[in-house]
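Naming follows writing order (A, B, C and D), and every chain is counted from residue 1.
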């Protein structure tokens, strides 16, 4: 057991699944589901391994760090992998009901491919590998967005593709500069050899900008709402929940390990942009008339929270941001799925006409509501724990202005969530008629939302996992 | 051996009996006040009086402590309250008979319930041995009596009831304050203890004035007598009969029991009260002549009598020794006042019913009141105009202002416009470039500085 | 196995689980739902009984689960929580019976009762919370569970009320959160303890502690409906009558007031708070609220609205009692927590009966209703007199201790506030009673439903009668052992340094 | 200044040029070309920086990186072109609309 390279399997299994789905399109759906279960098992195995034995490092092909490709799993990557597994399983179950046969043939291979890229990204230990996985991820994601067809989706996908390529290229240029300066790509080695020079600064600028563009930090969020809102529901879910988080993960890794320059000013800048994103995203979400657009702008706002950790920089703040990332992944996936159910049932997602539909889909609405609780950061939910940690970090560091942003963001979130929830309560009497939405789709959304809520009650475990391998440096917890 | 065993046993039985008896005096009428419990009984009002009659027949001083009731209260009967109880029983029995007799039909539920509740209050107040109990029972008596005045009546009794109710609330407030002051001074709220303790407290004046004002309102002592003529004019015979024996008597009793007269020397206040009493008597005589309405005669007689009482009380305050010597006469006075007013009221009603004397009512036929009965209305109107009306109006105008502000949609346009601007490709990518440069600059600056 | 550690959690779960199951019951399963509801309520009451017994016998009931590193989810039964938990679970049973009768035949009952149970679970959690973060958790849960109940009817007015409720309570929750985090940052602990835990921080953090106090109280004041955060409460009266009962007596408003109790006594400690100089402003706000609420109530024609403004005023009695520094006033405030609940729930039940049976919603339609519905109006009368503070009803006991406490604390002005409020209470309750009992009934009622020989359904009639009798008993038997008054007394001895 | 540095500078210049074109041009084909130019610029920089010291054998790692990058770029371009064709088929123009989809 202990010797099995669970991490490598977590990458290879979905890749194999993608092949299988592609080769046997008639059985794509069950094959995909089986693969999803397998990946969850891999993630669990890796989790057990990491928890028991500490951070894991795999040398692929036995070459070792400077030349070969290394995979590295510490608490941070493990958590990302696990949340991907949980959300991925949910999305797989949901998708098995969502797509008709024709679309499913295209969806499953792409989705498995994307999952593989994601897992590889979270396990990559060198910055060029990160580039490759980032590109793979981007291409798969763009193709998935385009799956919906129609002018909106295609334009959104095109825009997304261009942005994604631009961001990746900027990142790659940074990689080139770093390699030139230090002659290595491995993150751990880079961290050892790092010393400030103009080339490093340029690299940092390029890489950060590229990743920020891909993470859609305000004001670079322009591509996100159209792409996320026009994609099919499960794709929106995985884009908002997982794909944007991947580039944030890289930024976090670089920031924590590779660039340990105490760039206080830059941290404040990112924090400011994050704050602007929180407020702007919240306001725009409130202004939307379509449900999926609302959720997409909510993602913009929630991504802003993640950047509030940068100016704080303490262990607690990183924990908070990461916890927000986890709970947002779950909650946002649930939200998009619920929106997908509503869209599927009613044929539209105009918020003002939701009442009739919302009445008939109590489970989806419950999922939306529970996910909303986490998005708002109300207890008991993962969002609350995250917000609490961020607030605590802000209070401890004396930077009380971030407290105001956190609170205002929560209020805005409450406003836009309840704008939707309110429609569930109308005088219309519930009628029993055949549902167009399969039960799996409703339950997938509800279960993910419940997990997001549950994250608020089991916080000590994920927080303990985060500490494995000390991704946030040696600072003591708490 | 037998006596040794027997003696405490008898005492225990006695104790149990006295508890049951004393509790049933207010308890039985309270139970009967529920319409469902008396629906099968004939003469429920009379039955309700039975425990009191039995208690009167017990020839000894009985008292019990009920620590679990309210804030820990007690009930008991002594020589003075025995007289009062006797008076009450007689009056209540008469009133109960009147309530049924004239038309031969039983009174309606609402009226009977009010009657019984008032009965509970008045008997309980007489038996109460501490201030809280007295206060509770007298309040019940007051509200019950309000019901008696108003029930089944037309506009005139309603008006009397309204005025009485207002008086009652004010009186209860004043008495509540007095009670608080007393409780602040001493833990044990028995009458004697409070009188004693308050007299020795640093500020007995506030307590005294609260008590006097409170009970003067309840008993209709001039100049706080507004409700008395109204009540006498409009009350039905049974209720008019009770007016002297219930609200007035209990009010005066309260004054005697609560006020630390005889313990305290207050010549100034005493003099003032004496003066007021004298003025009351004068007023009663004048007004009685002025408003030669036969029906109102008992009202002015009551004012006259309470004026006399006030003079006595004032004397007691000025000269404690005199009160200690003659103070017991107060109970006798109250009892005779109750009987006298009841007799007077009944006699006049009887006369009226017998002879119909419209001429005697002529001078006040228009129903207008002398000035001293008009000022409360004026105060209410004035207050309404000053404050209560303007508040909602202010709020309305403020809401209108907020509503107007909400109409401004400029900020919404601003939000939409800037988002569209942010979403333009060229602009967005330029921002991206800018961000890259700014990041480089920041990192450079901080690494060179740091 | 030692159950002492799980009992508080079981109390919360007894209604939480019922709520969750009910959500998934089909609409038609009336009998199952009713059984579940009543079983949950009775079970909870039994568990509370066990806890009362245990607390009296010095058992220590505490459930402690890790929530965050260094912060636990603590449910603990101490003297205060027993007071509140008894109130809410007792009244919940009554309210459940009432709600079953009230909602008979109306749509969305599974949803309603589901949230209803959640709401009570949250309230019990608030009551049993052993530290500020647990309190906060259940406090926010309460907000979320109540919203669906307020908008249950789905009318525009209901939606508007729901929006107002959310706006106020979520903003209030945010303030509370900020205060809590800040306090945690300074003190490093949030555990409630008798006489508070912040006193040793006084040096150097004085200003911060005052600011935190203001934040916490402002957050709680929203639910306790203190002026100027009160305006959601009168709007929320559009909700069905059981919900109003829940809002005004059992759960929401009480949670706010109870939170203030916790902050003043168990976070700051009353003596330390008085030393900081924060209690006098709180008392002032409470006094203003008392008078303002009563004045507004005076001008409402809508019966439930009048009652709602009355709640605004009455709940501030609790706050006033807390803010007046002195053991006697504390007794008054704590005992009013229970008494107000019992009295106000009676009034709302009666108002609901009038609306359900006769279609009466306005005071001006109540002429002569006492003849048509004598039991209901008798209960209403007792409740109203209790509110006015007439002896020997429950309200008298509260007012008595408040007044005495004010004198004891040397705050004579409070007496005038109490007097003025009593006057105003009488001013808005007595006309109702007068009209109901003594005016002639109209020929037809706005929307009459017939219930045969009874004046209304038994499930609607029994609850107000029971709570009215309770109002009477709480006053008459105030000095009996185990009465709320005695509990309040024993709490007070714990909160003041010997 | 070595010729290596010159190559690197040219690479950076290409990158910038591509970025400029990406911003300025509206036609999607031109944008895709611009991305490709940018990519070439980056690859040029990589290859140039592979020459560590004069005369010594060049570092193989950047070459491997460039090859990988080219593979990625080719597939990305293919996807982009396919998308462009679909966009043109759906909207009639091979451009990104600046208006928000409503």
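Just so it is clear, a contact is a pair of C-beta atoms (placed from the backbone, for glycine too) under 8 Å apart; a residue touches a chain by one contact, two chains touch by 3 or more.
The shown structure was predicted, so the numbers you read here are calculated from the model rather than taken from an experiment.
The chains that touch chain A as well as chain D are B. Using the average of C-alpha coordinates as each chain's centre, D ends up farthest from chain B.
One finds 67 Å separating the Cα centroids of chain C and chain D.
Each chain gets one centre point, the mean of its Cα atoms, and the points for chain A and chain C are 42 Å apart.
Centroids built from CA atoms put chain B at 70 Å from chain A. Averaged C-alpha coordinates put the centre of chain B at 29 Å from the centre of chain C.
Chain B has residues 419, 423-425, 429, 433 in contact with two or more other chains.
Counting partners per residue, chain A has 159, 166, 226 as the residues that reach two or more other chains. Which chains touch which is summed up as A-B, A-C, A-D, B-C, B-D.
Of all residues in chain B, only 412, 415-416, 419, 422-425, 428-429, 431-433, 435-440, 442-447, 450 touch chain A in the complex they form. Across the complex, chain D is touched by residues 67, 128, 131-132, 135-136, 138-139, 142-143, 146, 149-152, 154-159, 161-162, 165-166, 169, 172-173, 175-177, 179-180, 183, 185, 225-226, 229-230 of chain A. Those residues of chain A lying in contact with chain B across their complex are 159, 166, 170, 196, 198, 200-202, 204-206, 208-210, 212-213, 219-223, 226, 259, 261-266, 269, 280, 283-284, 287.
Across the interface of their complex, chain B is touched by residues 19, 22-24, 96, 98-100 of chain D. The touching residues of chain B, when paired with chain C in their complex, are 35, 67-72, 109-110, 132, 135-136, 139-140, 143, 147, 150-153, 158, 161-162, 165, 169-170, 172-173, 176-177, 179-181, 183-184, 388, 391-392.
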